[in-house]
Amino acid sequence: MTGIDRLDVMDLAARRGGRPVFHGVSFTLEQGGALRLAGRNGGGKTTLLRILAGLGRADRGVVRWNGEPIGDDREAHAARLGWLGHADALKPALSARENLQAALRIADRPVAGLDDALDALGLGSLADLPASWLSSGQRRRVALARVLAGAAPLWLLDEPTVGLDAVSVVALERSIASHRADGGMVVAATHTALDLGSDTVSLDPAKHAGAIPEPTA
Amino acid sequence: MNGFLALIARDLRLARRQGADVAMTLAFFVVVVALFPLGLGPTPALLARIAGGVLWVTALLAAMLSFDRLFQQDADDGGLDLLALSGMPLVLVALAKAVAHWLTTGLPTVLLAPLLALTLDLPAAAYPALVTGLLLGTPTVSLLGTVGAALVVGARRAGVLVALIVLPLTIPVLIFGVAAVEAGGAGLPIQPHLTLLAALLAAAIPLAPLAAGAALRQAVE
Amino acid sequence: MHRFANPTRFLRLANALLPWLTAAAVLLLASGLWLGLLRSPADYQQGETVRIMYVHVPAAWMAMAGYTTLALSSLAFLVWKHPLADLSARAASPIGAGFTAIALVTGALWGQPMWGTWWVWDARLTSVLVLLFLYLGHMALTNAFDDPERGGRAGAVLALVGVVNLPIIKFSVDWWNTLHQPASVLRLGGSTIDPAMMKPLFLMAGGYLAVFGIALILRIRALYAERRLRQLRLSLTDA
């Protein structure tokens, strides 16, 4: 990473199913920063995360990475993301290790960090079991390991702690801290007390709800 | 290129692990072809006359069975989002899926068809036309099916819907494929029919993934 | 869809057009039927049954016009994302399908005395049948989603894929038909159309076009009302 990476979000407005979800959302995240998306279900946390990933379209406003709108080059933006959605995106017929290998290769990323990522989340012994044998908490950890192994600068996590026990939550917090220390950014939607580290900004999209106002002039 | 091949490899591995899916499609092919002599009577002359059509139509129907699953599994487990974030344009994702589908469904059909043609008394002269025609036509069907599969992600009754949408689009392939078989059986030149099949394939390779990619983007957003 | 907060200019225009279209439809259809069924000459080959042509041929033309409307609306929806284009596509589909069905049924009614059978797999009938399938597929797809926006966009892509495929299907069916039916060649009531037959034909075509326009406007209005109702009900839950 040359210079300091910035994620700028300006005056973002979004709809879901034709209904306005939020408007006027703005924030800036710099290298090493973290943003917590808090608030009730249905408040727009997932919608906002998907827009940040380029998976969803904003009604208004723009998301910029180092000054460039992310919509200009979706593929380049995808390459800098570590995405964890609601679902784990694991294939039951493949083992944890095979799932990660496939995901990394499909995304054309180096497979080198795979074992370290699995160990960081305590999955070393489970790595070669079929994903269908794993509990939901274990599957969530495999999905998190995928994010770790991807070694991308911007992590977008949607409810990462679902199904995780206390030990695993601590492991996750440690991974996030390590990622931030290396200069990475984290945006996490969570209604738990997950500690994202110091200097974490908080944002509740539901506080920006209501009809999207017409643009002035 | 690496991501493209990796996606094909993953889907092939999944198909091998969940082998029952592929086997079921081929079993369907065999069962339905067997229904025709049972329904129409085992007269060799009649069977030989309809063999080309029966094999082609059944191959199409068997392909339809597998399309609704093509993207639905990824959509259900969240994998579609990951594919959209893989750095590959969705057009390439669609093309990779089509290739994997053909390797797991189309190619076995091509290999199985001549064996089934034996049971239908297809004239010997028609075999090259049958195999070459299927070889050229089944990839086109896989490509068209990818478009249908991408369109029905998240739809109700996706299985029937994808067949309803894709079958009319495959009519040209069916027509030329059967025409080739009949020409072959009658000793007439099969070249023009095969050339048309090749032309359809050549048109489908760039266009179908484009449409499927657009449909996938809508499924993701 | 804040653009629906006020009725669009188009709907206001459409409402103004409606009485004129109705008058035109009545006039054109009445004069077309009068001339066609009662005053135009009988065909030297087919006798009186050729008169079905005046109902059948314009229906087939409208089947094509319907798909053109569907395709253009779909393109507009995908490119400019205007909600009216989505409504127009959804409206055009069943109307086009209806005209296609009319063309097929009247074609069968016409064919019975001519060919001695209700159905013949000639190139034209088969192509029109496939057109009906494309319409039905579009209608099924747009209505198969819980999210209407998703249905509209999927349907739009399908409509455009159909447009690309339509000439290919037409060509392949022609090919297939010439391979399998070299003998019978169908003519539209004789080698050339008598000018006395042209006039009622075009009058009927004009009348059908007016009916198409009326049906389209009525259906768009109904779809718009449905959308608006859904929006209002949902916005009540915000309070």
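A, B and C are the chain letters, set down in written order, and residue numbers restart from 1 in every chain.
Simple rule for what comes next: a residue touches a chain if its C-beta (ideal position, glycine included) is under 8 Å from a C-beta of that chain, and two chains touch if they have at least 3 such contacts.
Owing to the predicted nature of the structure, the values given are computational and were not obtained by experimental measurement.
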Per Cα centroids, the chain farthest from chain A: C
Most centrally placed chain - per-chain CA mean versus overall CA mean: B
Averaged-CA centre spacing for the pair chain C and chain B, given as whole angstrom: 31
Computed distance of Cα centres, chain C from chain A, in Å: 48
Euclidean distance of C-alpha centroids - chain A vs chain B, Å: 37
Shared interface positions of chain C, touching two or more other chains: 147
Contacts with two or more other chains, residues of chain B listed in rising order: none
Residue ranges of chain A in contact with chain C within the complex: 17-19, 210-212, 214
For the chain A and chain B complex, residues of the former touching the latter: 53-57, 75-76, 78-79, 81, 83, 85-91, 93-94, 98, 102-103, 105-108
Complex contacts: residues of chain C adjacent to chain B: 78, 130, 133-134, 136-137, 140-141, 144-147, 150-151, 153-154, 157-158, 160-162, 164-165, 168-169, 171-173, 175-176, 179
Chain C-touching residues of chain B, taken from the complex the two chains share: 147, 151-152, 154-158, 161, 164-165, 167-169, 171-172, 175-176, 179, 196, 200, 203, 207, 211, 214-215, 218-219
In the complex with chain A, residue positions of chain B that touch it: 2-3, 6-7, 9-10, 13-14, 17-18, 76-79, 81-89, 220-221
